[in-house]
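Think of it as A, B, C and D in the order they're written, each chain with its own count starting at 1.
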Amino acid sequence: MIRLHEYQAKRIFLSYGISVPTGYVAFSPDDAWKIALELGPPVVLKAQIHAGGRGLAGGVKIAKTADEAKEVASQILGKKLVTAQTGSQGIVVKRLLVEEAVNIDREIYFSIIVDRKTCKPAIIASPAGGMAIEEIAKNHPEQIITEPIEPIVGIMPYQIRRLSDFLGFDNNNKEAAHIFTTLYKIFVEKDCRLIETNPLVLCKNGSLMAIDAKMSIDEDALFRQKDMARLWDITQSDPSELEAQKYKLSFVRLNGNIGCMVNGAGLSMATMDLIKMHGGEPANFLDVGGKATPETIAKGFEIILNDPSVRAILVNIFGGIVRCDRVADGIIKAVQQVNVNVPVAIRLAGTNREEAISILKKAPFKFSVMDDLNEAAKEVVKLAKSA
Amino acid sequence: MIRLHEYQAKRIFLSYGISVPTGYVAFSPDDAWKIALELGPPVVLKAQIHAGGRGLAGGVKIAKTADEAKEVASQILGKKLVTAQTGSQGIVVKRLLVEEAVNIDREIYFSIIVDRKTCKPAIIASPAGGMAIEEIAKNHPEQIITEPIEPIVGIMPYQIRRLSDFLGFDNNNKEAAHIFTTLYKIFVEKDCRLIETNPLVLCKNGSLMAIDAKMSIDEDALFRQKDMARLWDITQSDPSELEAQKYKLSFVRLNGNIGCMVNGAGLSMATMDLIKMHGGEPANFLDVGGKATPETIAKGFEIILNDPSVRAILVNIFGGIVRCDRVADGIIKAVQQVNVNVPVAIRLAGTNREEAISILKKAPFKFSVMDDLNEAAKEVVKLAKSA
Amino acid sequence: MSVCVNESTKVVVQGITGKEGNFHAFQCKQYGTQVVAGVTPGKEGEEVAGIPVFDTVQKAAKETEANTSLIFVPPSFAMDSVLEAIDAGIKTIVCITEGIPIMDMIKVRTVVKAEGVTFIGPNTPGIITAGEAKLGIMPGFIFKKGSVGIMSRSGTLLYEVADQVTKSGLGESTALGIGGDPIIGTDYIYWVKLFEEDPQTKAIFIIGEIGGMMEEQTAEFIQSNIKKPVFAFISGRTAPPGKRMGHAGAIIMGGKGGAETKIKALRKAGVTVIENITEVGKTMKEKMSKG
Amino acid sequence: MSVCVNESTKVVVQGITGKEGNFHAFQCKQYGTQVVAGVTPGKEGEEVAGIPVFDTVQKAAKETEANTSLIFVPPSFAMDSVLEAIDAGIKTIVCITEGIPIMDMIKVRTVVKAEGVTFIGPNTPGIITAGEAKLGIMPGFIFKKGSVGIMSRSGTLLYEVADQVTKSGLGESTALGIGGDPIIGTDYIYWVKLFEEDPQTKAIFIIGEIGGMMEEQTAEFIQSNIKKPVFAFISGRTAPPGKRMGHAGAIIMGGKGGAETKIKALRKAGVTVIENITEVGKTMKEKMSKG
């Protein structure tokens, strides 16, 4: 999923006729000062990062004057923001959204996702806006409505009535109906995986406004969503994950110290589970996929070893279409190119396992090669602990 | 179905980006002269009536000069045009479309209908354009392709390839693909029952142009197609059929001399069939529907009797929700209001039949009231013949 | 036994506070049908003929365990009502409404098929299992529990045929109108299969008419799948091409859908086609007493 | 007996002239599968591994009687290929392609359900009936005719489990990947039913993973409908929430889809859940020799 920044999502909302607060993106405290002057204080300054939970983490501030806006901006910009969703390392804030303040009467939660149960897009909404949906689900599950949409007909009038009723709008509130159907339109037209506005607010003047806006785009649809692809701020992603993507490797950084390299997502997760079962902690998820070449295997090692906390590596390959001997070639290539300074346990099974083992035995580097995955997992945990 | 005139349909085509010849509607020979001057002769003059087969009937002419255009227009305008589709009485031509002449390389038939077999919209197309589709179906059935469209996804690329291949276009002919998908878009967005362009032509310069255009709109969708409703030229319809519609009666004029009034479309047709079986000829189809009142029954008599060829009338009512006594009231009302100058045979069955019969017996008019439908049909045929 | 609806069917009437819905909900209830709920948005708490009214089908189904919907809403609301019923878990829908835009029905049909819902209509008089349940606008008194399964594209022709079948002494198992529109939810083949499986049904009667190819397709299906005797009547032999004969579906277009080819196809499949509508009762009685 | 595919299955490979399609069409044919045709628009007349190539599925199906399609086209063409196969009357579709836009799959699923097509995938290694037919990219040699029906959201985990099942001596009836995407054509329940009915299958193995609620729904179904012994392995207990673990479908979102609740639900339904992936063969052998 490709996440958009709030200010980007709001621009799209606006272009479809959904009201959002007037505001502009600021890259510097000076920008913030100028924008605040133009809008007329008080203004709201919101850190633009690809993670929720900004409010509690100090990423959303009100400034009563333009000078105060500049001051607040200088406090936030360039600093790491650690929220419940960023992980402990946090994300550096490089952009702020400076917006007019709005007189809020009531806050609503509204989102559209792909509902895996019905296999359709579904609206999730709640009159208990402002909180994270997980929180509402935990504390007020009866305050959540789920409304799956038939894609062939779109949102039907009975659903608009049900949503309006549940969210406390008058059934004839045309603006609410317009927002429901328009957000669904954006969801479909932009190939979204998620569209969320939390809160959607009922203003003191009776109108509706999207105070927050989140959009995630289906990365598999980027070939036909070139405009959305351009909005992707890659500085928000983990550099190792981006690097892996280039080589069609699937990589996720975790908090442990045992590097993992496996072919296949399911087997990768099962291998991580096994390491954990034997008392170890995986440092990453790394699926080398069904088309692994010596080059991508070598790249995988490089990415794993970029993480200084890695103490040992487990390679688990079930050779099917991916032949074990080619994986072995890759491993040899890796130790030649990269400084592999931690012990490596290897389990190979399936196609050309024997050939692979003899390749590895000839290598100048000493690998722990095993037949049995359980033994290999135990071994790597032992290696990591003794390293 | 509400038919549009060719010039109306072409305006819609044009608004969606489909090329049509430049041309304007003319209501008088003078109009035709001015338009011909503006376009620059030669021009084509086409009678605008709600019926096909105009070419063979003399409704389409070429004029080499503006004066000739005026001359031709004066020959066609205000005259009745009798084509294979108008019936023998023909339709008076009140409008002409005056268009630039086009250099044609090849003619194609292309239409979209609702395919009752697959219950989906379907494209019907043929490289043998210019002829009526019935003719192609009869003489060159192998030259017709039917391509049902899944409404949830629209026309798919494989269908565009298949159509292009069948119609002799290059698979990369973007203009052809654009026309296929755009006509489908119009079909859906305007709630069409039929959209047809015959011929769609490949011009000498390689571009594609809709030389003819037909559109019929789903009358049940007029509540959301207000623009289309406005285009309906009611002067093209039978006045009796229009009058019947006002009273929610379903009326179709036929060529016989026995007027029919029945409740229900199926029973109406069955009654007509029975009359024919006994040697008679129905003068009309008239379904008074499930909500017949004395007023609508009386109106039905009036409409039937507007046809001077009617010699006798058969009323066949199966009383269910429509009670026979109310129908009898209507018949009494009719003979009071309208000059019923032909004999009337009546068959009543079902709810309150007895009451109805006693009402009819008291009337000053002598009806032939029967229990048996077969006898009633025989009787009305006899009455019509002896009248 | 019977087909689709019976004495345990629990009906919710959508559009119950309208003139038609109101009248017929009462009639159906009088017949003995379990009409347990009505739905009209904004009218929750009211009662119609002793039937409680709800704002939504979801609520109606939850409170009353209604499993079948009978729809009387105006055509522009029909698609919404059908989808609301499906959403609420209703598995059988009878849609009386006439005049639904054809594009709406094309979409509805796709959803109905994907969700496995039985959809009768639109533009139908409904369905009746004689002596058990009536869901529709047909006069109940002409039907009598018996052995003939009847289906029709036309309302009054259904009554005419049922009346004769009842008077012949054979009576009906279940009788229904499949709908007079060009696009309908379930076709003859769907019902022919159910009648073939139903032990109460000894003979099947198809009332067809001009327009479309459904009778021809059904004939083909009957030939290889149906063992019970099948009778048919086809109306519209005198109808001219290109003219809509009342029903939106009754129209001969592009030279297709004429009565003669339908009659021919049915006869070829071994169906007894009755040409004179007044001879239905007599013919069936003769044939069924022989067999 | 077996499920869905067997030695009489006739396969058309869509995208056969691509690198993947070419390689695997040959591999499938080598395994003994009847790969009768390939399709790539514009390549009609060519041959791939002795398999004739056609421009359209319609033509391929007409000329070769292919009844099953195996799809290798790039993701942006996948929806087109699936609908082309359905249009040509193909009733079983195996879609290997990974990375199809989710909105495309939502639409495809509606059509597939309405048309009654069996759709495996997308993002699947395919389906194999050991010793009879292989439709997919799995290494054939690890499967051996036997009694265990296996289904998986993951490819290599399917291989890992099948390898152990084969080595345990039990072997497989039919094994398949249902697909690693969030929206797939057929779910576990669809296949559990078929395995329950299949006489060759004596035990069922479900390989699940984090993401979605499918395992929980399947557990509920198993509890009241399945009599054969069911085994399961769920991967992803160490996966953090909000992160996509390779498969588009393997993601814990909004606190839902974690491994522990899946394991709990399956155990509650009487399923033997194996926690250590390396103990699959051993555990099954023990349990099945007892039973």
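We adopt the following convention: a residue touches a chain if its C-beta (ideal position, glycine included) is under 8 Å from a C-beta of that chain, and two chains touch if they have at least 3 such contacts.
Keep in mind that what you see is a predicted model, and the values were worked out from it rather than measured.
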item	value
Relative to chain A, chain with the most remote C-alpha centre	B
Chain pair with the higher count of C-beta pairs in contact (B-D, A-D)	A-D
Length of the line joining the C-alpha centres of chain B and chain C, rounded to whole Å	28
Whole-Å gap between the CA centroids of chain B and chain D	52
Between chain C and chain D, centroid-to-centroid distance (C-alpha), Å	41
Chain B: positions in contact with at least two other chains	150-152
Contacts with two or more other chains, residues of chain D listed in rising order	107, 110-111
Category of the chain touch graph - line, ring, star, complete, other	complete
Chain C to chain D touching residues, read off their complex	110-111, 113-115
Parts of chain D lying in touch with chain B, wherever the complex brings them together	41-42, 55-58, 77, 79-81, 83-84, 87, 107, 110-111
For the chain A and chain D complex, residues of the former touching the latter	1, 85, 114, 116-117, 119-121, 133-134, 137-138, 150-152, 188, 191, 193, 218, 220-221, 223-224, 250, 252, 254, 262-277, 282, 285, 287, 290, 318-321, 349-351, 372-374, 377
Chain C-touching residues of chain A, taken from the complex the two chains share	150, 152-153, 156-159, 161-162, 165, 171
Touch list for chain B against partner chain A, complex	151-152
